[in-house]
Amino acid sequence: MGLFRYTLRRFIQLVPVLFGIVTLTFIMMHALPGDPVRLWLGEEPGQELADELIAAHGFDRPMHEQYLDYLVNLVQGDLGQSFVYNRPVTDLIWERMEPTMVIMGLSYLIALPVAIGLGIYGAARHNRAGDHVSRLAGLAGISTPNFWLALMLIYLLAFNLDVLPASGYTSPFVDPVGAAPLLIMPVLTLATAQTALLMRMTRSSMIEEMREDYVETARAYGIPERKIMLRHSFRNALLPLVTIIGLQVSTLLGGSVIVEEIFAIPGLGRLFFDSVIDQDYSVAVGVTLFFSTLFLIGVVLTDIAYAYIDPRIKYD
Amino acid sequence: MQDNHNGSDLNRRRFVKSAAVVGGAGLFAGCIGADPDDEEATDDSDDGTDDTTGGGGVFTIATSDEVETFDPRQNQLAWYSSAAHYMFDSLLLQSPDGSEFEPHLAADHPEEIDETTYVVDIRDDVYFHDDWGQLTAEDVAYSINWVLDPDNDSPNQSNVAFIDEAEASDDFEVTLHLDFPSGLMERALSHMNAAPVVCKEAAEEMGDQEFGENPVGSGPFKLENHDPSASVEMVANEDYFLGAPALDGMEYRIIPETEVGYVELVQGSLHQSGVTEELLEDAEGNDDISTYQLSNLDFQGFILNCLEGPFTDVRAREAVHYLVDYDEVLDAAAGQLGGRNWGHMPQETVDAWDFPQEEWEDQYYPEQDHDRAIELFEEAGVGTDFEVDLIMTAGEANEGRSLVLQNEFEEIGVECAISEVSTGDWLEALNNADYDITTYGWGGNDDPDGYYYHMFRDLRNDDGGMSDDVVGHSSIGYLYEGTRDRGEEDILEDLERLDELVRQGQATVAQEDRREYYIEAADIVLGLYPLLGIYSAESVTGVHSSVNDYEPSEFGEQETFNYWQEASIDD
Amino acid sequence: MSTGKGTPTADVDAEFDEDGGLVRTLKKLRHSPTSLVGLFIIAALVIMAIFSAIDNFIFDRAIITWLHADPHAMDQSMRYEEPSREHPMGTDRYGRDVFTRLIYGSRTALTIGILAVGISFVGGVIIGSVSAFFGGYVDDLLMRSVEILYAIPGLVLAIIFMAIFGPSIYNLFIAYGIVGIPAYARVMRSEVLSLRDREYVEAAKLAGLPRRTILFREIVPNGIAPVIVQATLSMGGVIIGAAALSFLGFGVQPPTPDWGRMLSDGRTAMVVAWWVAVFPGIMIFLTVMGFNMLGDGLRDIMDPKMTVEPTTYDDWTLDEWQTEQQTEQPDDDIVPGSTGARTDGAGELRGGRS
Amino acid sequence: MSLLEVADLRTYFFTPDGIVQAVDGVSFEVGAGESLGIVGESGAGKSVAVKSLMGLIRDPGRVVDGSIRFDGRELTDLSEAELRREIRGNEISIVFQDAMSALNPVFTVGSQIQEIIVENTDLHKTDARERAIELLEDVGIPDADQRIDEYPHQYSGGMQQRAMIAMALACNPRLIIADEPTTALDVTIQAGILELFEEIQEKHDTSIVYVTHDLGVVREVCDRVAVMYLGKVVEQAPYEELFRNPKHPYTQSLLNSVVTPDERLDELNPIGGTMPSAVMPPSGCRFRTRCPAAFDDCLAVDPPRYQVGTDHDAACLLYDDGIARPEPTLHETDDGGVNESNI
């Protein structure tokens, strides 16, 4: 089947990009000022100790050697060893993956229906009061810094009203009831801008689609307006929407750094941030690589989703 | 329980972790700054000692850093130095007010055989967690020797460096052979950063890595669960040799943002959390929260670069001391959470050792006088036509004090640019002497040694020494190097004496002698003005009213369950 | 953003479709109240920024001090003063007047926005147009490099940059400038792709103009409109992003007033001194809102079909499709060799069935 | 008794730049089984006029005045829902210019026809599918039972237009509006489509309104022709008559410039100057700004349609008896032998 081969090919095409990302992040992380050992040991290093640690982690070797080693290990699925935790980076990533994925997934789950509903509503009420309100709300959603929103939610819902716990994470797979209140604010924080963006997107592509000729055709043939919107236009409007949904993986992963930092969620975003602060090279590179891979997979999935929506697209 | 060791500013930064490795320890009485505004919280049930086991709830505390290893011999984290006391025991235990070292695993205080030999009897009723067997002299000797072994790279090594070897001279008797007598011995034996006792069998069987994840100690709690970056849970050790604690367990929640932790404290989902200065007022107004203002036992100020730049001349450095109003700097940096200090050590230490604070103040901490400052700059030959490169790491305290200094410089017509740099950059800049002035703090001890030895010794004279290209950045702004470079013989003589004094101070037991050394050292250092020392920081911790019989202290050692108090929690 | 003349509302639209240049475009803004509000906000911001820049660099803060207060002046006795006549927005932790700092902060916000977007803009336009114009290996190489940057989440990339170069306003806009390049490059590339075979380009080629001249004189100016829209829309994102970096501790150097920094510094004081964080928060919000409103309006106007949205993301996948797509024509079994409208360009897939 | 009678139809667009008088007082009739061609340049308001018939004008446009009687019913009085249920698709259907974009790209051709059948008749899905295959066969799509499941983009341009026509036929409408149905096609395919229209008309006795700017096309399919200029019908006549004996200066110029029947007027721009804006149309006669025969009165009087022959009228003051006028000398007919006609 063409789709399978196509998918396979798309994934193979990711390899050079991933290679580039590895190279870039590797160079960048090693360009960080100071060295991790000194940072780790602090202000008063015993030189012997520092030398030993540096040697143990290979930091004293030429960068290209370290880089080649890294690549060789990477091919074997080994992202290296965390300097700070003294554990394999892959273990750390697996360990921290769940919260990030859960929050991201939930924020999609919330954002999508809300955004699509509101977007279609706005398009249907194009240039009328309802549309203006939802459009301004959308703009406001995009214009609110997410860390600010997070803090405001905490002050309002946790501090003043005391209806939700301020921070922490429980796996919803282990304890769904206990997890729910903890997830509300982080998911809300992530989902707000996302919803706003998707809503804007839905609205404008719906408006655009509603101006297409086939809409007029449908109208001319007595198809009810509702059906035109929800069946004909929406199906077409989905195309740009799907692209955004795929691309938002990137925004959400970036947002996870902030959300996890504020809500004390033990996810990848925090792992990344801490690793940058600690100059834990391999962790920072590993998480960046992981993020990028997730994003690229998102893009490929988007491409595949197109196939289901747009029959004009063919694979060889 | 200084979860926020140096205020909220530096809590993530590694260098503070190492700065704090000596933890808190004290020789003086009095729980400084403890300020329970809610008396009821403490006088409820005095009789609830060891018979009230279980049902005491789980005591939950906010902390900001992920723990990297549970092996106390390898730990560099400030908060875990306190928390490790719950899972491990030490030979001695420091009292909450810091006044005394109680025998703990030791049956009694170490017995002096001769100047460099001490014998410690070990209790014979202590068992490790989870059937790892009885704690014996073997375990104690193993633990101390492990830290001493340079191959193990323990960050605690320097804290027990005075010990040559620990020997299990009997089943329950350890003999300590010292390299030199030290006034810091009992302190070291009471500390997680020096001589925590781990289960030898478990440590050897598991190896460092696994032991770091599954620690085996003998403390009142044992590790139950660790969710990385989220929480550390401990459950009560029912078989603890002092009886089972009233609490069911302890939980440390890792919450990076202090204010978020505070919100949870207000909500009651945490029992203890740091309180930022801004939140202090709110906390004090909250009936559910008792606040305790605790000294950080540190020294905060600026370092002036003595190697190059405008401050190579001692008069230029003195001029900077005329530039500022110290109280204003303190205010801007720490607000209510800090106090002035004199002599480059915490005021608590100055008081406890009865140092000549007033003389120092009169002589080395002048009143603000811009004219005099300008005069001194002129004398030093730099005039006021120079630019100052002030670097700082992030944080309100650093920013506040930098801003004041910048304003003062600008008032006398000197350009002063502040650069906020990352910790990596900062260490790099320190290493390369690439700054004129930088914010500086050093903390975690109440003994003058913690400051004078660490900040003022000449690193070139260290055992093993520093390699030539590493000058060492924690010394006093390259004062040694600069003086040598410029061949200022008279100052160099003073400096050599200074190095000698701080080293002697460490290797001397008698406090009167040590006091003399430090006074002389202080006179040398203060007179050369390499540091603009301003204040000691304090931090506030809030405790929820549902907690009974608990009062945090600077010397957080098994605070919820020790000889002095036993906390429990209302449902 | 196909320039094909769509016929949405039949013939009557014909006269509105004409490309009337920037002035005409701006004139059309008057029909969009939201854009006008956006423009107004930005204008106010620009005035504030120009004022504070002049005051700061030429008069050394004398004017603002004379008018109201010195934004840098500290006064510990006035710590966290509530809003009052003297300090309409209260004072901060160091007793500095929030109001004047807010005014001065406009300079920082605008500088970050403009310079970061400027870097992205110039970088993106050059990379995108060169890539599309020269095609082949150049295109492959440039676009793959851009993809690499693109695949790393923006904030993550910015954090790494800031960690390497250290927190400072210059690094802030370099970081966001680089982070933004891919999006612009993509927009520019697809524009140039659609323009490079136009008649006037052919004519220029025949006239023997050097390729560089053709690209930057003939093609780029004609395809720049969507990139400008992109710039307006991403301005807000950059300002928010910079504030986020401030929050994470990679911010603007003190004592330079900066909304992001003010906001993140003020967060711990929320309970006792809401004004310290709320006002800069509002300013950020308004500014971003302003740019978004203007950008929205511009986009609606510049694109007759209202091909929308996030130019930020553009047609990264769609470009892919273009090459993936099989444009094989089904044999016309009635009349061979027929030419119908075919689906063979990005413009088609973007919904522009023109 | 005509099937469709349009009288004084006015459709305006209320845009920010002013009111666009796209259709401003248009009248015409179409008899049963008759085919009317509406010709004019782009922007003349042809499409708007025919879309107005079906109530397809959207914001900011509106039918502001006039009457549309279809089979005796006044369409302007019908509600949107009534129009949808009773008129669109089953009584009047429309074939658009660009079939590619008029068909929804994401649904199969079959499903689109099916949907229309289901929506407008009592047929169920499976029956509707049968019917759709039949229709596709009727319009000349080979292997209709297979190709019914293909998507529009898999069809060639001509086939797309045929599918569009099949759609128009789906519910046996009495009137088909063909809005420039062959404009996007090349000549050979165009011929096929035109033939198809003729076939349909013969077979089903359907009335057709054929909108085009292509006079050649008009010649092929239309019984009668109405010429539109800037929102008004300026001349109307059976096509033979119109071609032989155009009366209105506009029509004259149009015909004068046609080199071959295939040339498109919009490409040739046969008449000097550009069409004025429909926002502020010229006073009096709208064509006067470009009219070679314009005189003073044209400035003031909006000419009504004068009867200039049997079933032939023209809106030009030249034919007003009460107004002194110069001789219409400017027009030299192709075939001078044709009588100047009796006024």
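Each chain carries a letter (A, B, C and D) given by its place in the written order, and its residues are counted from 1.
One rule holds in what follows: a residue touches a chain if its C-beta (ideal position, glycine included) is under 8 Å from a C-beta of that chain, and two chains touch if they have at least 3 such contacts.
Computed from a predicted structure; not experimentally measured.
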By number of C-beta contact pairs, the top two chains: A-C
Per-chain CA centroid nearest to the all-protein CA mean: A
Length of the line joining the C-alpha centres of chain A and chain D, rounded to whole Å: 53
Between chain C and chain B, distance of the C-alpha-averaged centres to the nearest whole Å: 48
Averaged-CA centre spacing for the pair chain D and chain B, given as whole angstrom: 91
Interface hub residues of chain D, defined as touching at least two other chains: 51, 98, 101, 105, 153
Multi-partner residues of chain C (at least 2 other chains): 9, 163, 166, 267, 270-271, 343, 353
Where chain B touches two or more other chains, by residue: 259, 422, 424-425
Partner chain C, residues of chain B touching it in the complex: 8, 258-259, 276, 278-279, 281-282, 328, 331-332, 335, 394, 396, 399-400, 402-404, 406-407, 418-422, 424-425
Contact set on chain A toward chain B in their complex: 32-34, 38-44, 46-49, 52-53, 84-87, 92, 95-96, 151, 154-155, 158-159, 162, 165-169, 261-267, 270-271, 274, 277-279
Chain A partner contacts - residues on chain D that touch it in the complex: 51, 54, 56, 59, 84-85, 87-90, 93-94, 96, 98, 101-108, 115-116, 119-120, 151, 153, 164, 167, 170
Complex interface listing, chain A residues touching chain C: 6, 16-17, 20-21, 24-25, 28-29, 31-33, 132, 135-136, 139-140, 142-148, 151, 155, 159, 197, 200-201, 204-205, 207-209, 211-213, 236, 239-240, 243-244, 246-247, 250-251, 253-255, 257-258, 261, 272-273, 276-277, 279, 284, 288, 291-292, 295-296, 299, 302-303, 306, 310, 312-316
Residues on chain C engaged by chain B in the complex (per definition of touch): 72-74, 76, 79-80, 93-94, 163, 166-168, 249-251, 253-255, 265, 267-273
